[in-house]
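Have a look at these structures, which come just after this line.
Shared chain: chain A. Partners: chain B in the first complex, chain C in the second.
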Partner chain A sequence: MKRLQLLRWSSSALSPGFRTGSRLQRNVYAGLRHQSSASPALQAENESVTEEQPPGQPIRKLSPEEQRLHLPSPPIKAARESAKLAALHGRLYLPSRLPLETLARTLVDPSADPNPNFNNESLAILGHDLMTYYTSEHLLCTYPRLPLTVVFAAMFAYVGPKTLAAMTREWGVEYAAAPGGEVDPGLLQFKRMAPGTNLNTDTAISTTRPNPDRKSWRHSLSSRIVYDDEFGDITTESNTAVRGATPDQASASFVRAVMGAIYLHAGRPAAKRFFEQHFLSRHLNITELFNFSQPARDLSRLCAREDFEPPVARIISETGRKSRHPVFVVGIFSGKDKLGEGAGGSLMEARSKAAVAALKGWYLYSPLEVRVPSSTEENGAAPWKPVHVDLGEVIV
Partner chain B sequence: MVTAISSLKRPFLALPFLLPSLSECAAFEFRRNQSSYRRTKQRLRVKPDASFGPSLNQFEDHIIYNPPSSTPSIYHTPTKFLPPDDIRRSLSTDASKNQDNTDGLPTVFKKPAEKKYHLTPSDIEEIRRLRLNDPMTWSRWKLAKRFDCSPMFIGMVCEASPEKKEIQKQVLEAVQSRWGRKRRMAREDRQLRKENWGRD
Partner chain C sequence: MHPSVRLLRQDLSSIYFPRSSIARQVRYNSSDKFSERVRRRLWGTDNPPGLKDPYGGQGVLERRWSGRQQPEEAEEADHDVDIAPPEDYVEAKTWDGLQRIGHLGKWSDLPPRKEDTYKPFLPERKFSKSSKVAPAAHQAAVEISMMRMLKKPLTNICDVTDHDPAILEMIMACRIQPSDSWKSTIKFPDQRTKEALIYVFDQLGPQAKKQKAKEANEENAEVESEIDGKLKQEYNTTRKGGSQALALKNPLIKFAFLKRFSQLTGQRLSDSLISSATRVKHLVEYLDKKGEQAPKKLAVTLAESSTLQKLPNVKIFKERQTPAHKDREVGRWKLIDAELRERGLVT
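Presenting the complex of A and B:
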């Protein structure tokens, strides 16, 4: 009695056009073609014929497992069989409209599968744009006076590649040792970069920036706004398909692709909710991102610009002036109003810290009701009221 | 027999546990510690300030908010820094607004610098000429004293000649070459601490 080979039936039920772009699949059929006259469309009939043929025949058919070995990334139907993938879907509380197949696709890096129909490149581009848009509007509306360098640093801290790599680890996504068709689709698949590869050879994407080959020239902040990416860095393009990707790059593109996939399958409100739950909920202490070189001078320039009285440093309290460890508490006053207060071991240190506190008080002003522009996209939303727009940071 | 002799040959001081006086000393020390601890504790048992406890004469039904002294939060924007349309401007509880004894507080610097704006363009030309022609005589301090302005203003107006800069650099190197390891490290540490002021 002949056993039923269900796996073979299911593979033959797949139409040859199912993986249209897969070159390897086409190679398999091409190999069939020059050995036998069977066309791929007649594969089901052909299979029954080959079953009855005695072993030792030159015609060799690839079993589904062997076909998988030749694929660059797991086939689509493997997504339903993976426990890891279903667990990840449940753990992230993803909307049920996002199918497991798309989640499996987000885990395939372009370095593993160069075919754009099966890797996550397009989803990652969409997700990256959404994430940077939501982050920047949140930052600009919450803290309308932030200096631009701090905005860049905060953007990098919220949605930078290092953060996304950390999130991938927190989500419990593991890396596959090497990409391939037989790999569990719940693993992050990318071709690893060879050790010792120089990471600084990334070629800059051709921008409109004049003299792009002059690496040593200073990039002003205004030119970084116009020409460079959302983190203020030069947009580079690493040839990941050839060289492979680092785990950080692959993790970042995975998280971005998840965001893009949620937007495509579940819509804008779900994508926004996902962003708030996973990105904005991360605590970022913006006060630590500042670094002033001459805070007292900056503060006096600010007071002159805003028509306040010039700042005066006054000693509020002190102890142990003649001892080894004195403590001075200095406040900076403009007229009768106190702008900032700082304590330090010397008068200069206390004054400088008070000036830093005053400047941070200016830059970290936040309106009471923060509303972002994308909140008007919902149905029945209140009309947009302009937010506070500041003159900009102090330029000395 | 041989072992007994060797043990007798060992010096007596190498076996301190055989000395009876040492253990007595330790006990004595312990007792002293205990008594001083009790005495210290008794002295620390001071009566709390009257404002801490409930007052007897009137019945109070409110929360006492008495936070420890600490630096003010950065996120409390001073009233002066709020934009004019902000609702928080009208609140009168802000501590930063209209402090009473501001003028009574001593300033950090001896006298607040008052800008006079008394130098003319011809004076500035004179400053530049003097500093360029005879930089050894006319240093920043001397120029500032003569023209009654701050040395910083002299630095803003003109720059020292390259030869003077070179000489000054050599002087600095000569001074620094006499520093030892400790002084050099202390100076470097001070510089690093100074950089941290702005980061805070």
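Presenting the complex of A and C:
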């Protein structure tokens, strides 16, 4: 496989002054750009940036403060002056190859600065893809038998927008009241929504899903896998540049952009380390994500599918049957094997608890040595051996 | 009937007046007739001896009560007499021109008096450099020595805050022979200086003492004029800077010297320094040291700190940060400004 030239890629996220390109290139583009953090290739496409000022108007000299007030987001040079940004860089233990300028760019939401050369949209897309990829491979390889609903819920819990917003708060990133050139680049900048804006008016992105306008129709789980996003939700698109963004949306895009920036500047191992340290290290109790409506029936179907003997519930022990608070301990057996055990105030409750325990024991199986596909990307890694992934949950 | 209600029904006088005094009054009033008759019959005369009232007359409360009632009655009598206003009496419609009773206004309205002006003993200027502290110590030593020589109260010199430049020059030209007792410590450069200084220092203090000092001066001057040559010789042998070796053992001299020294330098001397200083040089050294270690502003110290400047997550501002700066930093300022302009509150 051909090695990726990450350094060349990452130079596109930086301004000419901080690029690692040749001296000639630097000189050519330094004259053109003062505020951009875009690549030379993008520069050629977006000539409109330099042509914004009509030639006929008299040029009034503005003070540096006034110039900053007219910018939609802080200029590149402000990144080095901000103590907040440096503190955030140090607090997150980010690699030194990730410059402060790019970190400042990750804090600019598309709603604050619609120019793609300055906002974090492109970095967020890259970071989002990386995060969802790493999370899904981790979930599938660690718990190969998880039902899809639980996988969706776990994905949402690991890298969903609400989690990312909480992480932003935990990282100590504060929100700017309004975006602008004079704002400290260490603050998360986004255009806030006007009060009373309806959040449910996002238009669905056109997919190949048949009858997309029929919102009341039930979306089956299989169709969600095919048509919807990684959390099983309908992919929507909101015009944030006009309407503004919620703090949660802006925070989510910031965290994703940080991930993308790390990948771009410091490479894949650093990005993976960052993901493990900040995302996988968060404790998620997957056993609580299950929601069984009829566990006993599901268990019998599962046993039938797996060619086990049909499950039988037996009382293991009981106390106070005639009292106000009896306790029954029921075990579910398949032949001589006990699949699960549960205790409850009634026989039915104990039986269903035992069935739930048996189902969770099945679904939450985890191999002893978990290896994910992305681990083969490292140099000198052992070749990939396909892992066991189950057929899926029981469909009744 | 409830006990409290029953209480209300009773005669109020029985509640609010002590029972004993009422009983006594009743007895007293009745005794005019009955007891007097009994007394007359017992003694057999119309004017029996002894007290008319066998109970001793009015009680304490009754006497006080009757005393209180009498002036009221007198006042009532006064009111009855109608006071006619004088013929040129004009009733005032406003308070202008009426006699004002009480304080004649606020303190700030009154013209300043001598006590109202405050003049600090210590001047505002402060000497802390050694180039100025050592001459001040020398000047104070010469002055105290002069006062001591003229047998005047030593602290009188503090009445003079500034000398004439010529006099100051003469004082600085004098030399000090270090001695513990401060006797004959001062060495004049010549006879003329000595006479001039004695004349000047003689003017200080009350008049009566001045005369005596003058006489003493004249005597001294006669003696000294004879040995003018010796004077110069002595002056030349005395080393410069001798004032710093002077001892501060005598409490009177020490107090006078410290007072004058602190007045000249403008420095307040701490108690610990005063108690520990045994020679003049201790004071001079202390002020020299203090001048070197003058406290800097924290902001200046921080701005000069190279370690802080190297830290990227520390920012040192040149000016004081106010809430307006904070507003500008988070981007709130332009919203506030726009809103104020929209409402016409800011143009």
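Criterion: the second predicted complex is superposed on the first by the 336 of 396 C-alpha atoms of A that agree within 3 Å, B and C clash if a C-alpha of one lies under 4 Å from a C-alpha of the other, contacts with A are read in each partner's own complex, and residues count from 1 in each chain.
Note that contacts are C-beta pairs under 8 Å (C-beta built on N, C-alpha and C of every residue); 3 or more make two chains touch, one makes a residue touch a chain.
From a predicted model like this one, the values you see are computed outputs, not experimental measurements.
Taken together in the superposed arrangement on chain A, chain B and chain C fit without clashing.
In the overlay built on the shared chain, the residue A:Gly90 is in contact with chain C alone; chain B does not reach it.
By the touch criterion defined above, A:Ala176 lies against chain C but remains apart from chain B after alignment on the C-alpha atoms of chain A.
Once the two complexes are laid over each other on the shared chain, residue contacts for A:Ala313 go to chain B alone; chain C is not touched. Partner contacting the larger number of chain A residues, of chain B and chain C: B.
In the superposition on chain A, contact is made by A:Glu81 with chain C only, not with chain B. In the superposed model, A:Leu199 lies in contact with neither chain B nor chain C. Residue contacts after overlaying the shared chain place A:Leu187 against chain C, while chain B stays out of touching range. Applying the stated contact rule after C-alpha superposition, one finds that A:Ala304 touches neither chain B nor chain C. In the superposition on chain A, contact is made by A:Leu69 with chain C only, not with chain B. When the two structures are aligned on their common chain, the gap between the nearest CA atoms of chain B and chain C comes to 7 Å. Interface residues of chain A facing chain B in the complex, by the touch rule stated above, are 287-288, 290-295, 308, 312-316, 330-331, 333-334, 336-344, 347, 349-353, 356-358, 360-362, 364-368, 388. Looking at the complex, you find that chain B touches chain A at residues 71-72, 74-83, 85-88, 95-99, 102, 105-109, 112, 194, 197-200. Per the touch definition, chain C reaches chain A in the complex via residues 312-315, 327-335. Those residues of chain A that touch chain C in the complex are listed here as 69, 80-84, 86-87, 89-90, 100, 174, 176-180, 182-184, 187, 189.
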